[in-house]
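So, here come the structures, one by one.
What follows is a pair of complexes built around chain A, which joins chain B in one and chain C in the other.
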Partner chain A sequence: MMPEPTGVIHDIGYRHYEGARLGRGSAFAALTVHSLRGAFGFGRTARAKIMPLLLSTIMLLPAVVSIAIMALVKQQGVKYPDYAVFMQAVLAVFLAAQSPYLVAPDLRFRVLPLYLSRPVAVLDYLGAKLAALSIAMFLVLAVPLTLLFAGELLVDLPGPPHTAEYFSAMAGAVILAVILAALGLALASFTPRRGLGVASVIAFYLFTSAVSAVFYGVFMSMGRDTAGKWAMLINPFFLVDSVQVALFGTAPSNGDGYPPGLWPCLIVVMVIAVALAGLFLRYRKAASS
Partner chain B sequence: MTASAITCIATEGLTKRFPRVTALEDLTVTAGAGVTGLVGANGAGKSTLIKILLGLLPASSGRARVLDMDAATQGAEIRRVVGYMPEHDCLPPDVSATEFVVHMAQMSGLPRTAARERAADTLRHVGLYEERYRPIGGYSTGMRQKVKLAQALVHDPRLVFLDEPTNGLDPQGRDEMLALIRRIGAEFGISVLVTSHLLGELERVCDHVIVIDAGRLLRSSSIGEFTQATQIISVEVEDGLQPLADRLAGVGEAVAVQGRTLTLEVPADADPGRAYDALRDAVCDLNLNLIRLEQRRGHIEDVFKEPAA
Partner chain C sequence: MNAVVADITYRAMLGRKRIWLLALLPAALIGMAALLRLIGGPDEHTAVILMEKFSIGTMLPLLGLIAGTGVIAPEIEDGTIIHLLAKPISRPVIALTKFVVAASLVAVFGALSTFVAAFLLIRDESGVAYGFSLGALLGGVAYAAVFMLVGVLTRHAVTVGVIYALVWEGLVGGYVPGARTFSIQQWATSIADQISSSPFLTSDVSLGFAISAMVVVTVGSLVWAGQRLRSLSLTGDE
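Our next item is the complex of A and B:
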């Protein structure tokens, strides 16, 4: 062995990279983390942080108020399974504001070919984007639920804590996050312009909620209760609520209940499948151009 | 040296048909280490060839191998060790060059710390310094091209595909880019496949040039043979172009008049000195005012006029 040289020559010429080259999995994880951070505005301009942080804060307000109610009058405020339906407008705005950010710039500025010229495949790219948006939507809903549960435990309401309801709501939050992320990405990916993406996602929400409310009203006034209950499911938030009711036996948030059986679960799976198929077809076209 | 280091790219009867056009037709070429130029007019099939070599587009027939890997079946492996700089703009405006290149390094499989180091190194090599912390939206075309090049080099590939890297650059930016490409091939030890529609600029940096037209191979040879074969002298005089042409034709030179210029073709095996002497004598004897006399070799249209080698 040669003795360690004492002098140092700084070589500023080209150095080859000899270190580790990780596989697709690590690129997938890096893209997921990058997109998740971006969905909350981290690593972006100050202006991009306003909406996600504002909406996340608004999501916490009912939890804070509920804790105050529990502390003062020893009575439960917002129920866990109702939280998502209660706050659906805020969740929809968050989805509309953030899903175009995840897909539109890469299409508009044609960054996608740079991803695809690397070990990242189209499915990896879409999977990472879907995972990131699902996690973001889950966090926006799960953090207030968890805060509320922590508050309930601290306030120590009379009677046993609503642990089962909390976990049912958390499971519901997972389903809601995945279906919303799939719908949001599929809608947003059809236009490379972010503004149009925001508009199309919010329009989709307004359309589904309006249509479901109108049909519900019409069917109920005609006395056709079953048809009215089915009409409720057009709104994705009530659809997921109905899955919560069917799977975990929670109280329905709409007061009237939903069609019985596991149909809502099947519908959720089908909606997710259709959204993902649309997303994949859209990107298969984009990738080959 | 292993065989893969000698042959970087090899295609065999490569054909790509789109529903309406045939982009590549029965293309058989090989390219070794060093800098290889791929020349062709717009729409000649250069970008299609690169996409096939990256394994992103299936060929209609024929085979393509990159670094001894099959492009049709080992696309993912190829893309790990190859860099790609697209022809089109591909940069998001609201992130800085550093962040963007770090992210792209991670997408190539580099761990985060290594990605940061490599991004800083690579951006320095392409000549981006303090401005790399500013959002890309405010960059000039020259700076954008450098960022595009940096993202193609950040993972230290063995081979890079540069699609029209001098597009839209001013003469100085073009010179810088060409010098950089030469350094990548020579100093960095990374093989380069660079496309352009100007043979003139590629002959300065390439070891080997492949010319394609309408998806077909026109010629593939080392740069030395190339410029020799296509030497042309172009002359412009104030008046009396026709007498000059007649006089030169009289002494056995191959001349042609194109508008206000006269071109004098020098065959590959002839001594160019003789042609220059004949031209000088003719201009003197006819007492003409010489405006311009230049060696106009290697223009793409000249290659197209010749039969394929």
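Our next item is the complex of A and C:
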């Protein structure tokens, strides 16, 4: 005969969660805000704040100098639509430095299944990361533009304010932010190592900008101007600038103009689609490991 | 030099995804040279543009960055460097060995592909191929040393290296002539200019300054990295 079981479960006083259980939407929003804060180093160590804040400050410098020029000699400095192309190196460094942070630690420490055991699905996770990085890239570019515009209004240049140019540049900044974020995340997600992620994103930027510069130079010296203009579009910053030119009729910032028509817009959509498809395929694999 | 350390470092560099970045850029350079040959009469000017903009201007800093930080930064990040540092091998010797590995990789991938691409375009016309390969070789060695030092000094080695290569050499060097004097890229171009007689190539830095600066920077970085390894503190990852 078996003795009666004597074990008891003691209630040692853990409290149960009785609040409202927020659903998928809130999880998405929380992850987006967390990633966006992280992209600027908030909620991370002091060392992690140096780089994003330094780069954001560098982005402001041309706007400040431009306002000074406007105030002193009553002349426009950097034009709004040219800002992104002019500061492309800084934007690229910001993208390269921050996009691995958003994806690499989760892959490296294999915590993705923990996220996915919550109401968050793979698409939500990727959407939140993409939204966070897009907003971060947009802010880095839009804040200097807005500062510049505010400065222009305050200085009160002779002639009407360049309102149309400002809004075109802001719309261009949205497109640029989305395409850069998609490319950055797709490239960075292929390695769980942060250093290598930074290197691959920056290698992509340097590679495209060098290829476009070389082919542009060669085609121009051969007298094949049309081919040279197409070669410009290999660089993502000039690609977005050409979309700006095609959609809003701003002056091209490379001086020579771009291929006519809406082809650049189609290329932008295709690049974003390919990058997002690559990202999704990568995470379908990562989610199951 | 320590053969075992070198062997382990080579395997770590060549056995992982890093090799793709190391191999893709030289492959792209040769591919572009082939493409330019295909689309129309390749001339000396084209070759000089390709070498200056892509080979020395883009590929070399990137290779130096990937190889220079790759030999040591991942080990520090993972904390596995502790196993290496605990061995009875002098720290400067470890630094030297890692540097030799990085420099040899940059030399093979960078200088060799530069030579092949230039030779593919214009054969040995006015010494462009020889000049740029020697420039890439010496510049690559200097880049490897500097970026390895950065890898020992900071966790954000790649970002700092990128800022040096892009913002200092690219952006500031483009507008402020004085900044070009302190740019490895310009030193490499100066060496290329000295050997090649091409009229399309000009350099801002004198050869004597370029060579002495390269030696000073390479040796200085090595010594500093070795000293720094002697007092390396391992702190937790953020």
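By our rule, the second predicted complex is superposed on the first by the 277 of 289 C-alpha atoms of A that agree within 3 Å, B and C clash if a C-alpha of one lies under 4 Å from a C-alpha of the other, contacts with A are read in each partner's own complex, and residues count from 1 in each chain.
Simple rule for what comes next: a residue touches a chain if its C-beta (ideal position, glycine included) is under 8 Å from a C-beta of that chain, and two chains touch if they have at least 3 such contacts.
The shown structure was predicted, so the numbers you read here are calculated from the model rather than taken from an experiment.
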Contacts of A:15 with chain B and chain C, given as first, second, both or neither: first
Which of chain B and chain C A:45 touches, first, second, both or neither: both
Touched partner set for A:113, first chain B, second chain C, both or neither: first
Contacts of A:34 with chain B and chain C, given as first, second, both or neither: first
First (chain B), second (chain C), both or neither touched by A:190: second
Residues of chain A at both interfaces, chain B in one complex, chain C in the other: 44-45, 48
Residues of chain B that touch chain A when the two form their complex: 54, 56-57, 76, 79-80, 82-84, 86, 88-95, 99, 103-104, 106-112, 114, 118, 121, 124-125, 151, 155-156, 183, 187-189
List of chain A residues in touch with chain B within their complex: 12-17, 19-24, 26-27, 30-31, 34, 43-45, 48, 105-106, 109-111, 113-121, 287-288
Contact set on chain A toward chain C in their complex: 44-45, 47-48, 51, 58, 89-90, 92-93, 96-97, 190-191, 193-196, 198-200, 202-203, 206-207, 209-211, 213-214, 217-218, 221-222
Chain C residues within the chain A interface of the complex: 17-18, 21, 25, 28, 32, 36, 40, 45-46, 49-50, 53-54, 57-59, 61-62, 65-66, 69-70, 73-74, 77, 155-159, 162-163, 166-167, 170-171, 238
